[in-house]
Every structure is written in structure tokens, then in C-alpha cells.
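Down below are the structures I want you to see.
What follows is chain A paired twice: with chain B in the first complex and chain C in the second.
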Partner chain A sequence: MSMVSATTDFPRPAATTRAPRAARNPWKAAVVIYAAAFYCFLYGPIAIIALLSFNKSEVTGLPFLGATTHWYHVVFSRPDLMAALFNSISLGLLSGAMATTIAFLLGLAFRRGFFGQRVVLGLVLLPILMPGIIGGIVLLIFFGYLGIRPGLYSTVLVAHVNWVLPFVFLTLNARLQGLDRAMEEAAADLGARTHQVMWRVVLPIIRPALIATLLFSFSLSFDEFIRTLFVIGYDRTIPVVFWIAIVERLSPELPAMAVITVLISTAGSLLGFAFSARSRIKNS
Partner chain B sequence: MISRTQPGRLRTRLVTSGPGWLLAAPAVLWLLVFSVIPIGLMAAMSFWKSTIFGTHPDFVFDNYKRVFSSSLYIGQLLRTLRIAISTTIISLVVSFPIALLLARLKGPWKSTFVLLLFVPFWSSYVVRTFVWLPILGRNGVINDALIALGVIDQPLDILLYNQGAVLLGLVYVFTLFMTLPIYVTLDKLDPALLEAANDLGARPLQTLLRVIVPLSLPGVMSGSVMVFLLSVGAYVTPQLLGGSSSLMFGNIIASQFLSDNNWAFGSALAVTMMVVVMAVLSVLGRFVGLQQGLSGSSG
Partner chain C sequence: MTRPRILSARDILEIDRRSLIAGSAAAGAAALLGGVPALADDKPVTAIMPGPFIPDAVRLLIEKKAATKVENAPYVSPTDTLAKLLAPGGTSRYDLMISVTPFVRNPILGAKSGDEKVAPLDLSLIPNAVKIMDLFKPDIITRDGKTYMLPVVWGYDSVIYNADKIPPEDSLTQSWGVLFDDKYAGHIAWRDDAHGMILTAGLHLGMSDPAALSASDLKKVTGFLTEKKKNVRTMWSTFGSAVSLMSSGEVWAMYGWIPMRAALQKRGMNVTNNWPKEGLLIWSQGAFIPKDSPNAKASHAVINAYLDTEVGKTLAAETNYPTTSAEISGAFSPEERRKLGLDIVERGVKVYPLKFPTAMDQWLEAWNTVKSA
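This part shows the complex of A and B:
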């Protein structure tokens, strides 16, 4: 998620390398054991699902009857799943691109300052504060009232842009605020026109941050479920297909499907993480 | 936070020196059409009338009367709040030691474990809720393991479809949103403060309780707000892991739209929930800390 970029964002004082041992030692062993348990709690269930995805058994669960990649073949040969995968990927790219464009322009506006920007900030962050289920319902009511039929590239796209916009804005805005004005001023003093300053100074500097933002928003959109559920109609995204498959019956290819979706969202986010690390190095 | 442009700078042709409102226009327009108006419409619809022929504009309080007149919906709301608060407290207890440990780690270990903390949360919560079904179910991994070990003869039914399973699922899905802001505040903590406490004769427990914990409160607050918000509106987890007696308010709202087709009443339920959530938040009251926790920088 976009918050990833947060973890190492701030400058660390050199003194951190010399943490006072006395304050830590008596707790160290207990905390280390606890940490091991915590990470087992995080990864255990996912590891079990990965194991079950290779189980030859027709029912999801133990005993382990031998290893097979059969369920992965089943997943990849189901046309509805492949269609949902395509839908999710194109929605992720499209909503990411739209949210990034809107947020980038808004970030520039925030740098300049404009009337009513506190209200706008509140509105941008609203989807984080509002329960997701209400975020879905308000759009269902809105489009229903207008008589707009649910569709992937109309109603669902709006729901996804609404959802990723606050995260995209928070990460991009932090980067834009950190951008040194002196560089733009220098370029302008040297005779660069506004669009040249934009394309040849500002954009190259924040390009890694833009790419990182795109990848994170892709991951957020790819995993979005609750808002989508209310406005999707008869189209399907991966989480919705997954949901229907769980609610109807626990079909044996579900663990394989889970592993595939986990791998896709993790890959997107890891790439985003790498790019955001790059943008930090460039900016510092 | 927002740097004001000084008058002298207006002469240089900065990208950012264009009219601010023009750059903000796409965002403002988007938010107005797809956020403000839909929310307003829902608020209005909560006073409308739903009949079998559809939902019609009106101004009646029937829907709210129905919400508040029976103990059914109030009871559901109170239980939902209790589950959300329990999830928040459990997440806090589970997360704090990890955040403290991560903040104290150094070098490559630190970045490795912080990254490892994130990876599971990059995946869909639908998937991460689903994983518990083959584990806790009647023919699930835990029952099979216990039977194989000879601890029990018959599979246990009490592992799934109850409030405990819902709490487990919610903590599993949302705990990062607690761990992260606490970690961020503890990581910023000046080590000199701890040294000072140590030099002044504070024992480790005293340092923890009287220096570290008070200074971590901004992170604890924004983490609590996040986890509370996420779990109070939960739909997926109670639907999959809870039984009929542990459904939450989100499930009841959703059923008005997905099956009962009573949009006016559903809107009233949703508005009630939003008002209650906002009331709880204003008690917890720290929107500022929330933004910091999310962006991880004072940007």
C-alpha cells in the first residue's frame, strides 16, 4: 500500500545507532519470542493456503494427498477467471493513472496554495474516514438515481478512483512539498518556459515517485472489494469472483486462486516499494 | 505544511505559479460530483419513502423511527461498536511490542522486518479472510491436527461462525494499521530521551511506562482511529467467519441494498452509522494524527 513509502521517509538522526542497551535488555528475549509468534500469525495462514493449493485432494483441507499443480491449471483454464483478471488489471492501471493525474495537479495547487484548500484536503481524505461499505452505497444510490447502468469502466472505475485518490494524494503531495523550489526558479531564470520547467525539471525529478504511486494504486485497486460489490452489476473483478466462489461453495481451486492473487498484488507493491526507495535516493 | 508563496516569487515563471484553483479544478470537480453529491443524496434519501413500487422523494422520519424504535437495530449497532472497540484494543496489545521492537532494530534487519510486516497486507482482505475457512472449519487444518494428535475425537464446531472468529479475522486483517503508526512515532523518538531517563535512574519498566508509552500516544491514537474505522464498517469478515448471531451493522446495511431493496431505510441505517462513527471519532478526536500516520511524513 501507499503507506509503505512512509516507513523510511523521515531523516534518521545519527544518534539512533547508539540505543541505550540498559533500557532494552531485560525485555529482549521476551520481545524476540513474541515477534516470532507475531510473524507466524501473519504468515502461517498464507503458508497453509499455499500448501493446500498443491493438495491433490478434491476438498479444500487436510489430509495432504500428494502434490499437484492441477488446481493452477483449473484456474488458468477458466475463461471467467481470466476475464476477471483482465478486468482487474485494466481497472487497476486506469484508476491509478486517473487518480495520479488528478492528485498530481492538486499537489501542485497545494504547493501554490489556494482558497479553500483545507476543505478540499478533508474531502480528499474522506474515503479513508468513511466506512468502505458506505462508500459503495452512496455510489449505488447516486448512479441508481441517475439511471446509469453499472459498468466496469463507468461506475466501478469511479468507485476505484474515489478509493485510491487519498492514498495517491498523500504520497505524491509529500514528495511535491519536498521538491526544492530553487530548481524550478533556476530553470526559469535560465530562460525555461513554464512547460519546459514542467517536463524537463519537475517531472524527471518526481518520475520515480509517480511510478511508485501508480504501482501502489494498482495494488489498492486490484484488491478493492466492498465498494466494487455495490456498483459492479454483472461484470466481475478478481475479488468479486473470489467472493462469489467462497459464498457459493468452497471449490477446491480456491487456494490456488488465492495464491495467484496474493502474488499479483505483492509483485505490484514490491515494485512500487523499489521505485519509492529510488525516488527517495534521488530526492535526498 | 503548505508553504505560502512570497510576493517576490510571483515574477518567476514557476510551474506552481499558475492559478492554484485551476490546478485544483479536476480534483474539486471530481470530489463534488462523485463524493459530495452522492453523500448528500444518501442523506436526503434517508427521509424518503420506500414501497414495493420503489423509493420516492418525500420528507418523513419513518425510516429513523424504525431504526430507533426497536431494540433490534440499536442492539446490532451497540454490538458492532463493541466488536470494533475490542478489535482496536486487541490490535493495540498485539501491535505495540512489535512496533517497539522494529523501532529499536538497526540496519538491514530493520528494513527486512518492516518489509515483511507489509507484505501480507498488500493482498486482498477477502483472500486473507478466506484463508481462515480451511483452517478453522469443521474439516479444517486445526481440527484435523487435533484429531491426528488424539486430543479430540470429534471435530470442534466452536472454532468458526462465532464472534471469536470474527475478532480473530478482523485483527488479522487490520492490525497493520495499528502497528504502522505506532512504529512511525516510536522510530522518531529521540534516543537521548531514553538515555536521559536511564541516567536519571529510571528502571527499564519505568522508562517504558513513563517515557516510551506517553510519547507513543499520537501513533496509538491514529492507529486506534484507523482500526476502529475499518472494523466498525466491516462486511466481509463477519459475513464469512461470523454466524447469524455475529453479523455486524455493515451486513445489515448491505442487505437493505443487496437483497431487501429498501434503499430509504438502508440510507437511514447508513447515516446513523456515520453519525455514530463521527461521534466516536470526535471523542477520540485526532484527525491530524491520522494524516501523519498515513503518509508517514509531516508533508
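This part shows the complex of A and C:
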């Protein structure tokens, strides 16, 4: 009987060698610093405005003289600011709804294809290519020829739809182009009529994209200034109120108003992203 | 501040219904009578004018005296005002405009008689026009015996300075030189504006008519500004930034406007303006009615209201901007008149009107040279 000897040569595990320490990448630190500086540059002014909105000082600027929410009370107690906020929100929703509807119908047409499609595409995208001030002048002349006086739900609404439509179309068209025709054909094969295919098949599938587009267009419309300035009359939108406050007077409540505006605009964009992501997940 | 305006759906429907009735009545009345639309007097006066000329207290007074509402669109600049007037449909889109007299004078009149873009004023509807100060009677714009524009508000540009840092009695303080001299280097601010800065530099250099600079004089002024730019802390381009510069103590003196002085004094600062010995830059803003305005009668009433004594007093008290009515001076004490500048004629303050140069493009180029130096 052989005994296992202490000296039996069990296969020894290979001498463990420690994994070499990963070489420190000097560029990683540089990238981190660059990114940090980039984000500071991008968001630093917004952070400072938010800080100043709580500043007790009557003057917009440093030094910080103490914390207060007084300026927010001032904002909410000013009827002209609240009116402008209402105007901006209602314009945003209306122009978003109109632009989304137009873009949806255009997208369906582009999906089918038609003569002159490229020309129409160029015309739809033209407002993006034109500088804002040129767009404003064009609209001023256009309404002048038609004899239409400045008005919030006439000239300004048209200007906003004109501005947001290209963005809405580009977003929605991509989604519609990716829609599988087999679903519609299957529905038709099962006896669904055209309007039923649209209502029960197409719309439910792209609903998240429609909502996301509506919210994006709301944000765009809410922030629109330069074209509005050319065609607005007595009514005011938030960007116009801001501009008047800066050029004509000193308004210490301006940072507070800015924070509220950024929050509304950001909320619209974030909701849009959320619906857009949900749409992608649902259809992947 | 503008009046609040929240439109409900009912308002929109009401406006549409009213517009439809107005349009139908207008068409019918015009067909029968060939006259003015029947409901014109119910319409508010759609105006373009600087916002500081119609603070809430003044708006209430004007609307009461003129028996009409005034709805003012955002005022951008004299250039924008002209653009909106001269664009297609511009002569009927607005009912009243108020802008810088020397700038708008020629474009609104056009090259020759018959080219006017504005309606002749019926002075029988503006009885307060007789109150216009002698100093601004040259700014009453006429052609062929008809009056087209009346100066309604006036003001001046000067140096706004902190009297705690800069002694008022100093001869340098009472000149445009305070913006250029090395004495206050690093504590002055210029306005980022070719017109105002070149005029003030020209006045300081002793040119009697800086609006009519020759090419060599313009070069001299440009060189002077370039040399003195090292003393400038910064240049401002908006009301808010200018007031912030002074209130934070960053600058002690700057090229400034009347309401800046008022805003800073309201905040308890010992800020005042100087009366430059080389010449105070004075200007007037004139009111005119686009020629196809459907609401001309109401516009006349608004112009008349601006020249009313009570309105003038209120505007001067609210914003420090005086109207051109000679009667408002009597409503203030001698000290207030001096502070507001209502007594510049009595005191013999040298003035220079804010004339526009014919070669503004060269001035803009010169100013860009200064800024990029």
C-alpha cells in the first residue's frame, strides 16, 4: 500500500502571480477635469442665478446678503408676470398641439412618398436654417401683407408653430418611418378599415412619441423670443417680459422668475425624454 | 409695467365675434358712406413707445384723459420702430408711435411731399400742443404747412456718478472728461454705443458740432477713445447691467440715462448726474400717427394727454422723464427742478442736441475699432 507521501508531488498550483497593477492613465484625470470644467461652464450660470434668486439684495448680483424667498412671493404676486406665464404656457400647448398634428400628417405623407417631397422637406426645415431675426422680419412682412394686426393667438401663435414645426417633424418623421407596415397590413387583412387601422393600430403605437414631441415643442415655444418680438402686440410672453425687465428697468425678482422658467422648461423636456425613452423600449 | 391680460376662451370668441361684426359693419358703412369704420372709437390705441414713458400711474391718467385704452407693444429701438412702420402693412398696423425725433424724422417723411408714411396731425385735436417748450419747438416736424410729429417727452444723457466717490464741485466732474480722464481709471463705464460715445468724445475734444465730423475729426476721436479705453472698467449695453455696475460699487461714474439716476437714488445711493460744460446731450421723442391708422382720432387724444400738465408731472415724478410741456416746471420746487433738469434753460446749461450723423456707418466702424483695440 502506498502511502501518500508528504513529499508526493501533488501538482502544485502554479505560483500565483498577482495581476499587474493597472497602469494609471494620465489622460483619464485630464478628461475628468475637462468634463468638470465643461459642466461648470454650462451649468454654472444657472446655478448662480438660482443662488441669486434667494439673495436679499435689491440688486441682482453678488455679494450674497442673506437668504430670502421674498422674490418668489413678488413674482407670484405680480399680475403681469402671471399673465405672461399663462400666455407662454397656453401658447406652448397650443403651438405644440398644432405643430404635432401637422408634423404627424406630414410624416404619414412622407412615409407614403409623393411628388415634390424633397421641396416640401426643404420648406419645412427652412425656419431652422434662417436666423431668428430674419424669420421675425419675414413674419412681420407676411402679416403686413395680409393686414393682420399683432395678436397673441393670431400672429404669435403662427410664429411659434412656424418655429417648432421643423423640430417636431424631424422627431416624429423618424419614428413614423420606423413603423412596421406589417402591423397595419395585418389589421387590414383582419377587416379593419383605414380609420380603424389609424385609430387602433398606428396611434397607440406612436402615442408615446406624439406626447414626447408635444412636450419638446412646448419647451421650444416657451423659450421662443426673437420671432415673437417682431409679431407680438400688447400681450407679453415670459421671454419678452424678461427682456423688457432687463432693458428698461432693474428687477431684483428677475432671478426668481428665471428659476421658475427654467424649471418649467426643464420639466417639459424631461417628460418628453421620458416618453421618448418609453416609446423606444416598448418598440425594441 | 404692462397691464395684466389673461384671455379666456370666451374672450377669444368675443373678440372673434366683435371682429366679425366690426368687419361687416365696416364693409357696409364703407360701401354706403365711404367713411371711417363705425366701431373704430371702441378700439384701443395700439402703440409703440418706450416702456418707461407709460408706467402704470401715467397709463391710468392718459387713458382717462384720452378716453381710450392704450396697448403698447414692446419697444426695441428707433430702428425697429421704423422697420415696423415701413414694412408692408406697417402704416395700418399701429395707431401711434413715439420715438427719437432726429432718427425717425427723415424716414417717416420720405424724400418728398406725398411720400409721408405718417398722417398729418389735426392740431385742433391737440390743444395742449401750444404748451410745448421753446427749446423743443424746432422738433415739431412739419412739411408744406402740415404738422407730422410733435415732441412729447424729452431727456438728456450725462454722466451718472457716485457723489461719495467723486466730488460734485470738481471741474472735471462737471465735464464729459470724467469718463476719459486717468483720475478715475478703472472706475468708469462707457455705454456700448457708437453714437453717444463718439458725440461725447467729440464734445470733450472741443468740437462744436460733433454730429458733423469730418473724416479726419472722426479719426481723431477714434484715436482718443482708443487711448482712453484703458481707463474703462467695462461697457454696458442694458439698463439693468448699468445700474448693477453702479450699485455694486464696481464703477463710480458712467455714461447714463435719467431713469438710471432715479433707480439708484431710490436705492438710497448718493448718485447724481453732472451738467457737462462742453454740452449736455439733450433729445426729444416725438409722437406720430401712421398714415393708415384706423384709430387716428383716439391717437390724437393720447398725444394731447401726453402734453397735459398733470400727466407731465406724474411722468416726471415716476421716471424723472419730463414731457415737453412748459407748464410742468411750475409743479416742482426749485430744488426738484434743478435735480430733474427742468431749469437747464434758466441756468444757462450748455446743451447739444442728440443729432444723428449722416455717416453713421462710419461711426459704427470707428466704434468697432475702439472696441477691438
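Structural remarks
To be clear about the criterion, the second predicted complex is superposed on the first by the 258 of 284 C-alpha atoms of A that agree within 3 Å, B and C clash if a C-alpha of one lies under 4 Å from a C-alpha of the other, contacts with A are read in each partner's own complex, and residues count from 1 in each chain.
We take it that a contact is a pair of C-beta atoms (placed from the backbone, for glycine too) under 8 Å apart; a residue touches a chain by one contact, two chains touch by 3 or more.
Because the structure is predicted, anything quoted here is derived from the model rather than measured.
When both complexes are superposed on chain A, chain B and chain C clash. Contacts of A:170 after superposition: chain B is touched, whereas chain C is not reached. By the touch criterion defined above, A:251 lies against chain C but remains apart from chain B after alignment on the C-alpha atoms of chain A.
Set side by side, chain B and chain C differ in how many residues of chain A they touch, and the one touching more is B.
Of the two partner chains placed by superposition, only chain C is touched by A:149; chain B is not.
With both structures placed on the common chain, the touch criterion links A:83 to chain C but leaves chain B unconnected. When the two complexes are overlaid on their common chain A, residue A:102 makes contact with chain B while staying clear of chain C. Of the two partner chains, chain B is the only one touched by A:125; chain C is not. Touch criterion met: A:236 reaches chain C, while chain B stays clear of it. Superposing the two complexes on chain A places one of the chain C stretches 80-88, 134-142 or 332-340 into chain B: stretch 80-88. Where the contact sets of chain A with chain B and with chain C meet, they give residues 59-62, 137, 140-141, 144-145, 229-230, 243, 246-247, 250, 254. The touching residues of chain B, counted against chain A in their complex, run 1-5, 9, 12-24, 26-28, 30-31, 34-39, 41-42, 45, 94, 97-98, 100-101, 104, 106, 111, 113-128, 130-135, 137, 139-141, 144-145, 172, 180, 183-184, 187-188, 190-192, 194-195, 197-198, 204, 207-208, 229-230, 232-233, 235-236, 239-240, 250, 253-254, 257-258, 263, 266-267, 270, 273-274, 277, 281, 287, 290-291, 294-299. Residue ranges on chain A touching chain C, taken from their complex, read 58-62, 78-80, 82-83, 86-87, 137, 140-141, 143-150, 152-153, 229-230, 232-236, 240, 243-251, 254. For chain C in complex with chain A, the residues that touch the partner chain are 1-7, 12, 44, 46, 50-52, 71-74, 76, 83-84, 87-90, 92-93, 238-241, 243-244, 247-248, 259, 263, 267. Across the complex, chain A meets chain B through its residues 1-10, 12-13, 15-20, 22-27, 31-32, 34-35, 38-39, 41-43, 45-46, 48-49, 52, 59-63, 101-103, 105-106, 108-115, 117, 120, 123-134, 137-142, 144-145, 158, 161-162, 165-167, 170-171, 173-174, 177-178, 181, 184-185, 188-189, 192-194, 197-198, 202, 219, 222-223, 225-226, 229-230, 238-239, 242-243, 246-247, 250, 254-255, 258, 261-262, 265-266, 268-270, 273.
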